[in-house]
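What follows is chain A paired twice: with chain B in the first complex and chain C in the second.
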Partner chain A sequence: MTATTLPVRSRPQAGQPGPLGLARLLRVELRRNTMPWLLPLIAAVFWFDSYRIAATLPPLWNLRAFYILGQGHALIDFAPFVAGVAAWMGSRDGRRGLADLVTTSARSRFAAQFATWAATAIWAVGGYLVFMAATFWALSRSIAWGGPPYWPVAVGAVGVAAFSAAGFTAGAYFPTRFTAPVAAFGGVLACGMSSQIGFASYGGWGLILPTNSNNNYGQDAGIFYQFLPDLPIARVMFLAGIAVALVALLGVRATAGSLRLRHTAAVTAAAGAALAITAIALALTAQVTAYGVVIPALHDAASDRPIPYTPVCGQAAGLPVCVQPAYQPYLADVTAALRPVGTQLTGLPGAPVRAAQVANFFAAGPGALSPAGVGQIARISGRPPVLYLPLGAFNLPAIFGSSPTGFADQIKLETVHAFVTTGKSYGDPAQMAVEAALMRWAGIPVAAQPMQVLAPSPWALPSNGPHPGSTYPAPIAAAATRFAALPAATRHAWLASHLTALRAGQLTLAQLP
Partner chain B sequence: MTAADLHRPAPEAAPPPAARPVPGWLRLAWLHLVSRRDPAAAAMLAGLGAVLWASLHWHWNVAGGAAAHRAIPLSIETGAAMVIAVTCYGPFGEPERATGRWLPYLRLGAAAALTAVAFGALAAGAAAGGLPGGVLALLRNVAGLTGTGLLAAAALGGALGWAAPLAYLVLTEGAFAGSWTTPWVWPTRPPHDLGGALCAGAVFAVGLLAITVRGARESLRD
Partner chain C sequence: MNVELSELTRRFGRTEAVAGVDLEAGPGVLGLLGPNGAGKTSLLRMMATVLPPSSGTMRLLGRDPGSFGPRREIRRGLGYLPQNLGYYPGFTVAEFVEYFALLKDMPPRQVPRAVAAAIEHVGMGDKARKKLRTLSGGMLRRVGIAQAIVNEPELLLLDEPTAGLDPEQRVAFRTLLREFGQRATVIVSTHLVEDVAAACSEVTLMDAGKIVFHGTPGELIAAGTGHGVGDAPLERGYTAVLAAARS
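Entry: the complex of A and B
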């Protein structure tokens, strides 16, 4: 028998690479990925830049998470590093001159690159989620009530994936050793610009940026009403669209695989871009409501339901004071601040019979929801009269330099202001003098009031310079001192008989006793 | 024709042009620089100098306090340090170490030269005027940041050397926000501050020493 007479063997069928093979490839890439090496460094940066600051803020989820998630510091801490490492991984084959070799392997070039990117993204996103979980656990130990917002976490996770896609694609297209630092540097610039635009944008396309906290984070979201998911959903769409488009770009190249795969990749890239553009268009339709940003196409009416709660209460000189349970750590401060004020007001017409906390709402820009051009302030209303305190709008202790004394002073000021002026921005001179005297009896010296209490308040004293006035006008200070010097019974009796005229603005300084 | 004839040039053949011999050390240095992509790095550093010039000339600014005011120049200085750190990555590994007697000196020379190029390029960019802290602070910052990059290259590998200057940038921004004044965060110190200069110089010296003696760490995950 010769070779020519041997039966022809059928050509072995090339085995189709199956999902099992892809999983094996992914496992190999996960094992050999560079990302885990950098996670300890990112953890250190994250602790320093995000957690360390957040832990010093008041124990409320909306405030503690504001810094990490609202202003996007968690994403900023991750993104440049992830982009750099992803670029390094994406440029691996090209840098080593192996591109031609791996192109001829059984699996398409795109599949191999996709596995490498997926491994990088899994490490990065996994690290992000683990760090966030640890952060939430650590922060929650001192938070009395409520839970963290989860949609912004999803935004950050998808953002990390998007930066990994951007870095990886850059590395694959420009396989040099410099692509990694350039991608990381680009990540820094992108985050910096996002923050810069985000700080100034209260609406429009700028809302889509993941570092923009305006009108969608803070206030009393997650306490009195829910964190609205509308904008985070749009942001997830935006970042996911970018990630999909960039990863799909890997499949467009001539060496990526079959023509069909390249066409599919092109269509996918276009779909990803369309998704990102759609998200921007949705952000343009956003409306700022009391509960935050609402995007009509994404809005679920169930999100507007207030969060039920059982208030926690205390007593301030016979005045029942109730707050939302999340604010329980501040109940003692509130009752202590109201006690000296309540003592003076008891028995006067229009004096509150109880105090209750009300929600602090979002506004369409600074001060837009203000009842009298001064933001959200305390007010007394209803029959019987109730003192309503929007504590979320106050400078809570530990919030960027505020102290317990400052918090107490603000409660005293707003309470007497609500009582004397019925919520106007500035009182007339007689009202200001009576307010000053009441605060004097609540423990704040008249001379100290302009800088200590009024300057940080919404109705700081006017002056000729850029800073608030540091002293009362002399006639007001004299009248306040004179009125404060009266015996308590005399002062109380005068207020009982003249309060209606005082509130109506019908009294002058000279008419004060 | 015999084999012996081959040694003799044909009578009609023109004599080969007399090439000027390149000194061996120069060729070695050049090959080392090329293997580390130092010429490309120099070009990128020049580009960063141009970016710095543009940022100062057109007053690019970030809203905010002291940290924001220095954010752009400091980011560019960080970018320069990141580029230098990445040049520590060598593709040859064991063969180079086994045969390269002059390798430590080449590493030292390359890192020092690139740092000088970075400072020169950024100083030229700073000619537009208005650089916070002036050229003295620039020298201190570039040296210190490069030192962190060289240290990271020695510890993590040249591929990841860029990560340390980036992390230091975040640390610095946090220090500005928190009004820290430790000299170890030298960008927060005045340009003539001795403590900041000493710390930056020490980090640069240690980084240079590490990269000279040990070279960039090699990892199979590269």
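Entry: the complex of A and C
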């Protein structure tokens, strides 16, 4: 049947549209994306969950960044919203009854969906980066030295992109109005599982999880030694692989475009999956070193070089005290804490002639806080003797409930302990009694010591010693009170003559004056 | 011929929505009439390359849409208004039409002028910056028509295009149809026989997936003389042909 017999009009050739068309498509998508509407809500959650708490932490980049990035709070704040909005955008054509119309367009379905996803991801990742920049700027105003770690920021950014890819792909494959809330809940679930598995994973594949708080931050990373980028690089690979694979899945569908495009998409999806698997394999080779996680295949020896700095110094009863400039806000607290201790120790054999801060060695996993040596507890060593304080291992004021008094008491305890027992163990009853007496003279009442000082002590308490929240065993408390009651000169003279035997564990409680 | 269909069939499970349709169409306006469930929308969706046929052959704009390359070329010259047009509520009229112009692979430099022309064509020039969510059903229909014609299609497929349009808009729309029919193949599926009478040079009547009549509106009117039921001559022809086909 013929409707008409007029000749077919030849359509004028306008030439192949290039990337400019895709760019204009992206511009339209950017202008009408749902993501920016959610950014104020994410900002509120981010402020409440990440910035608000990080700002109360000690003014050190590693601690504040650890809360936001190391524990993955920033990603957790973004992920559910991003996944939900991306699913909403991915399901848009199906929900809106435009599937037929967009199917009849000349541009491949994949290109159109890619533009929609890219706009969503650009808003999400852009928002994340802006929030991080604003957060760093706000936090930096109270931080004396150093800079934030940037690789973990990249992990978060790629993580946000991966969540957007996951949500979008879910929405495109299941275009219903329920996909978005399910994707958002999936984001919560994924982050929750990542954190929970991460809390228990000190090594192995669990390290690859972006909110695994273990092993990626040393207490003094970015201060004495560099933030090791090995693990963040592996995580970027892992998340980027997931994002690439998921976005490529959009191109595998029969309606996505040409056979060639679909083959390319399938290969790209496989490559993305391979990248993610490679990252997991790299995490399995990770070694936890004193300075953080080293992945041999990714490790750059230049990262092992210590960070040069000029210490800032003060005086504590004639004892020069020097700290790393990042810890300058705590110099006054340290000198004030050392002053009453130094006054008692001056002139005694083995008494330190100066105090210097040393790096807190990284440690992770159960039992890692055993008194292994320098870098975890205070030690006195060298000739002339020097008191080495790993302040990064101490409970700095404002770190999860710690107070300036608690910080000062810990310095006193560790200094006295390092002086009496050489820092290797808790000590025998005589050593405990002398330590208790010295701390008493440093301003901590004997009765308060078990509760205030010994509870957070970094070494294991002996079965015959005081227990947190209780009191010293009566004989130790009595000996300590008796020794503390001696005149300073008498006590000093006794220590001068008996320190060697006391340190060697050759004295009993009864032998104390 | 812009449209060449031969023994075209489309099944949905056991239902044969389109049953061996033969149709050829060149430039001009072809009205596609038929009762609900006659297969009009399925036929249009196949011609719009949304649905592949279950069997038969189809050539559109001189190409076989069975493979991707030719199908892409066909889609560049295609305009389609589905029966149930969805929309993005947050888009403005101009953005919506621009979006589909870009999806149709129009050269980006030509897009702004083409978008403006299409919007003017449907009488929505003063609403170009209005969000779609603020428009009435009839206005949305006109926006749908604008996106269908933005690429100056050689094959324009319109499924119930005048649904929701007021009489004045329908008159304007018929003018638009006639104008496009001068240079393109326009296939209009509708229940409104007066639209067909006013704008179409050819009429195809479908029933139960088959074409039961094809001719000019005058021939359809003639078929109903003294037989059909209806107020208008074309309606009488419509009912008479259907009754004959079903007897």
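What we mean here is this: the second predicted complex is superposed on the first by the 476 of 513 C-alpha atoms of A that agree within 3 Å, B and C clash if a C-alpha of one lies under 4 Å from a C-alpha of the other, contacts with A are read in each partner's own complex, and residues count from 1 in each chain.
We take it that contacts are C-beta pairs under 8 Å (C-beta built on N, C-alpha and C of every residue); 3 or more make two chains touch, one makes a residue touch a chain.
This one's a predicted model, so the numbers in the text were calculated from it and none came from an experiment.
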Worksheet item: After superposition on the shared chain, which partner residues are touched by A:Val102: those of chain B (first), chain C (second), both, or neither?
Response: second
Original post:
What is the contact status of A:Thr285 with respect to chain B (first) and chain C (second): first, second, both, or neither?
Top reply: neither
Checklist entry - Is A:Arg32 in contact with chain B, with chain C, with both, or with neither (first, second, both, neither)? => result both
Contacts of A:Leu259 with chain B and chain C, given as first, second, both or neither
second
(request) Determine, under the contact definition given at the top, whether A:Ser142 touches first (chain B), second (chain C), both, or neither. (result) neither
Worksheet item: What is the contact status of A:Gly21 with respect to chain B (first) and chain C (second): first, second, both, or neither?
Response: second
- Query: Just chain B (first), just chain C (second), both, or neither: which does A:Ser403 touch?
  - Reply: neither
Overlap of chain B and chain C contacts on chain A, residues 32, 34, 92, 96
Interface with chain B, chain A side, in the complex: residues 32-34, 37-38, 41, 44-45, 48-49, 52-53, 77, 80-81, 84-85, 88, 92, 95-96, 176-178, 180-182, 184-185, 188-189, 192, 196, 199-200
The chain C residues in contact with chain A across the complex are 1-3, 22-28, 30, 45, 48-50, 61-62, 68-69, 72-73, 75-78, 80, 82, 84-88, 90-91, 95, 98-100, 102-108, 110-111, 147, 152, 154, 183-185, 201-202, 204, 211, 214
Residue positions on chain A within touch of chain C in the complex are 1-9, 11, 14-15, 17, 20-21, 23-25, 28, 31-32, 34, 92-93, 96-98, 100-107, 112, 257-259
Contacts from chain B onto chain A in the complex sit at residues 37, 40-41, 44, 62-63, 71, 75, 78-79, 82-83, 85-87, 89, 91, 156, 158-160, 162-164, 166-167, 169-171, 173-174, 219-222
